[in-house]
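What follows is a set of structures to go through.
There are two complexes below, and they share chain A, which is joined by chain B in the first and by chain C in the second.
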Partner chain A sequence: MAFQVKTSILSNSDGSAELIIGGTKVLVSISGPIEPKIRQELPNQASLDIIIRPYKGLSTTREKLLEDKLRQLLQSIIIRYKYPRQLIQIVVQFLIIDEIEEFTCNELNAAINCCYFALIDADLALYSSFVSVVACINSGNLLLNPPGDILINSDSHHVICYNIENQKANKLLFLESDGEFTEETLFTILAKTVSEAETLHQEQRKIIQAKIENDYIWK
Partner chain B sequence: MSSSLILPGDNLEIEDISQYKTTIGPGIYKFPTREPKFIPTQPGILNHSTQSNKQLIYIESNSKRYIPHKNDLVIGIVVGSIGEFYKVQLQDFSTPVLLNFMSFANATKKNRPNLKNGQVVYGKVTVDSIEIENEIECIDEGCGVLDDSGYVFNVNLNFARELLYDANSIFLKLLANKCQFEIAIGINGKIWLKCGEGVKKEVKESENKEDEDDDMDIDSTNVKDLKYTLAAVEYLKKAQFVKQDELKQVLNVCFKNVEN
Partner chain C sequence: MSEAELQQVKFPPEILDRIAPDISLKRHFAIGVRPNLRNFTEFKPIEIANSSQLQESNNNVISSSIIKSGSTTIINTITLGIIENINPNEEKKKKFTTIYPNVEILRGRSGAPTDEEMILSQNLYETIYKSKIIPSESLKINNLGISINNEEEEEKEKDAKQEILYPDLNSNEWQYINLSNQYNKSYSFILLSSIKVYSKSQSTNSLFDLCYLSIINCLKNLKLPRCYINESNLLSTKISIRSRKSNVRGLINTNNNKLNLNLDLNRTEKIKLNLTDGLISSNYGVVDIIKKEKESESENENENENENEKNNEKNKLIETILLCDLEGEAEETSILSRLTVITNKKGTMNKISLINGDLNSEITFDILKKAIEISQKRSLQQGV
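What follows is the complex of A and B.
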């Protein structure tokens, strides 16, 4: 499953990326570190302001839930102690989605992967790289990156995010599962998605390599 | 180039830090633990040099948001004052830095420059601690208030560094073939540029009536300088996104309408 990524597409934000993965298209913009409002300011680390906008309509509790999940992940990956009393504002705008409202996994997966490229573009300090994979169990078979119509009939689905250290999947940063499954199935899924995460990371490297060459095009 | 690409989380291949005196620059983070450990935190090109028992590591990468560092030359806009200090904005939405009333060449309590909001200063960062408010000063030669007839615009931070630090950089040399200009480059991605007399304010009405022939001349040179300034700005903005062999073409396109 390939990414299609464009970085630095919003000229007024500090970092931005647009990502197409499967049937989901998402745009992330990052401003930061910038001056926070007094109520957002934290004395010893940067505060995160995450805003998720749905592909149509206004944001609801569903988007708030996604915001919380994304914050949970990003606050452990950004070196926030490097930017005390500053604000990092992350806006995620979905453009095309491929799942019904009851599901969030494809969107969450796309948002996480797109945030990585936007953070790279904004040049914010990260503890490590990360990559996210979405998988579902459909009548006993493991399927990666399920399209929306298969997702409806699946028994369970999982969003798995690994941190990448030294080009290997190292730690499990984030795991979000829904549906009926046993502990054993979950462990099998984790075992099988590691290699997928590592191939995706190689793709991330290629994309970033191209991005950096483009940044220094005038050299 | 590919060999030295480094991403957050990659292994930092450096000499043993217990034996080498290590200096770290941008893109490297030192864990605040008893056992010092360095990790790369930003994507970019790793620069690593060793000399007898010293080593220097940093990562070169592009960004748009400026974080103040000591001795950086920056361009800022005065946005207010608190107590003894002016508040100077180095970038939109960034936390303002402070500029002491006394931090000007030859400033005394009685004789100090009176800056208004919106005026542009060229200064050097003196306090860059992330824990407290940052400070700049305008004491060095060349620093101080930049006059209103220049044009201030933004470029990417890596491009600003290239222009300021690389004396043999081709960009300004090419521009010098087309016009005379005065330039101040801030590491914070702001550039102040002025061709000839620059962008002059409107001549006052009373002066206008005194000698009309003279004013006609001033107006035409003024318009010409303004056109050259804008063309030079356009050229520098575009130069960030093209290869060096296309640079001359870009320069000619930008100055096409001006020279006739």
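What follows is the complex of A and C.
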């Protein structure tokens, strides 16, 4: 499944990206490092403020849970010690979604992947690249990037985020599995998604290469 | 010249825990214990109360569970709500439903719910939905009853005596009743769970485990009451024609368009659930500890300092360990690589939530396998 990415589309933020993956479209803006409010300030590292806005209406507890998952992931990837006493504000706005209210895996997957491009656009220091894949098991078959209607009837679904070092997906950063599955299925999915993550990373590199060539066009 | 002497400040363990959790944790591991004095792979014992007192003393509580783990007490009460299925076709698509939990962590102050409470509630809501535990069909109200005022007895006594007829139980009388539109509507129960957490000492992950256990425990004992409509709502029933005789009746049935719950305990029905035995949620943290071993190697005193330093680094053996059931300030704030697994007796899993928050102490596939193995053992021994 290909990404469709546009970066630097918001002129007033430090970094932004818009991503279409499957039936989900998301826009991420990053402001940072900026001055935090006193209560957010951490003496030795940057604090993260993650705001998720749903595609319609106001944010609810559903978005709060998504924010929490995204924060846990991003705070281990951004080199926060580089920006002590600063705040990094990440706003995720969903534009189109393809799943019912009870599911969030397609959204989470899109948000993680879009944050990667936005973080690079914002020139924030990262420990490593990362890429996220969503997979579901539907009557015994493994399906990557499932559309919303298949997701409802699937046996289990998984959001998997890998750390990419030297173009290899060697470390599991984040895993969110729900439904009913066995240990064997889980490890089969993990094994199969590694190669998918690596191909996606090649795509990420191409997009970033094109972006950098475009950014430094005056050279 | 006078020398200013810096005095060493000493802190008791519980204060060090608060101000420098990472140092406190390191010192505990250096002597081989956790701050809570449990073994690395030891879960905190859980006591589940075996009482139905809350249901008996409160009419609106239909199931309850009290769980205690250390000082933390969790009281979970389940109440019912009724909704009308406005779009039956839409409802059919959703084969499973969930519970609406509201987690409150009581800290002696009031105010809006904290992020932690919202996240816990939402996480429980989504987990139960995705585990496919509660089929939508099981919460549908079938055999809606109708309460009628028994005329014969009314003559004898001043107060009219109500009788509730159900289509499945009173099929003889049922054929004489004409049903109105009100009756043909389709209704469903919704389950509302109010979870109160007293004296929290566990980490958020452990609280999730306890709340999950309490909800599963409640669902196991859950019995749904029967529902009925008052006859005054049924304009075209046979009985309402008779009611012209009496003016009193209009005063008795005041709650128009409302469904009533029959609180008769003999009439309740156990909810049909898709529950697997032994469901239990376990959480883990992964942390690196430095073990100094092989001290006997550096016997030669003649070696220069550099070599000694190298040796020291070699002797520092870093071991990645798995901790079960995170608890306390130090563990909660300094262990960032975490894992939650829900397992059952069948050997399958219902949820894994893994985050490698600490890049140094990584959850590898081997550790994940080990955690799953421990959870499955725990499911067999302790799962409800």
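Things to note:
As a working rule, the second predicted complex is superposed on the first by the 219 of 219 C-alpha atoms of A that agree within 3 Å, B and C clash if a C-alpha of one lies under 4 Å from a C-alpha of the other, contacts with A are read in each partner's own complex, and residues count from 1 in each chain.
As a convention for this text, a residue touches a chain if its C-beta (ideal position, glycine included) is under 8 Å from a C-beta of that chain, and two chains touch if they have at least 3 such contacts.
None of these values were measured; they are calculated from a predicted model.
Model built by superposing both complexes on chain A: chain B and chain C fit together without a clash. When the two structures are aligned on the shared chain, A:E213 is found in touch with chain B, with no touch to chain C. In the superposed model, A:S76 makes contact with chain C only, not with chain B. Of the two partner chains placed around the shared chain by superposition, chain B and chain C are both touched by A:Y127. Applying the stated contact rule after C-alpha superposition, one finds that A:K192 touches neither chain B nor chain C. For the superposed model, the angle subtended at the Cα centre of chain A by chain B and chain C works out to 130 degrees in steps of 10. Legend: residue contacts after superposition of the two complexes on their common chain; A:P84 is shown touching chain B, with no touch to chain C. Per the superposed model, the minimal spacing between any CA atom of chain B and any CA atom of chain C is 10 Å. Residues 127, 163 of chain A lie at the contact with chain B in one complex and at the contact with chain C in the other. Within the complex, the chain C residues that touch chain A are 93-94, 98, 115, 118-119, 121-123, 125-127, 129-132, 336, 347-359, 362-363, 365, 368-369, 372.
Within the complex, the chain B residues that touch chain A are 1-2, 5, 7-11, 27, 29, 32, 39, 41-45, 61-65, 67, 93-96, 130-131, 156, 158-159, 162, 171, 239-244, 247.
Of all residues in chain A, those touching chain B in their complex are 14-15, 31-35, 79, 81-86, 120, 122-129, 163-167, 170, 204-205, 208-209, 212-213, 215-219. Within the complex formed with chain C, the residues of chain A that make contact are 61-62, 64-65, 68-69, 72-73, 75-76, 100, 102-104, 127, 152, 157, 163, 171-183, 186-187, 190.
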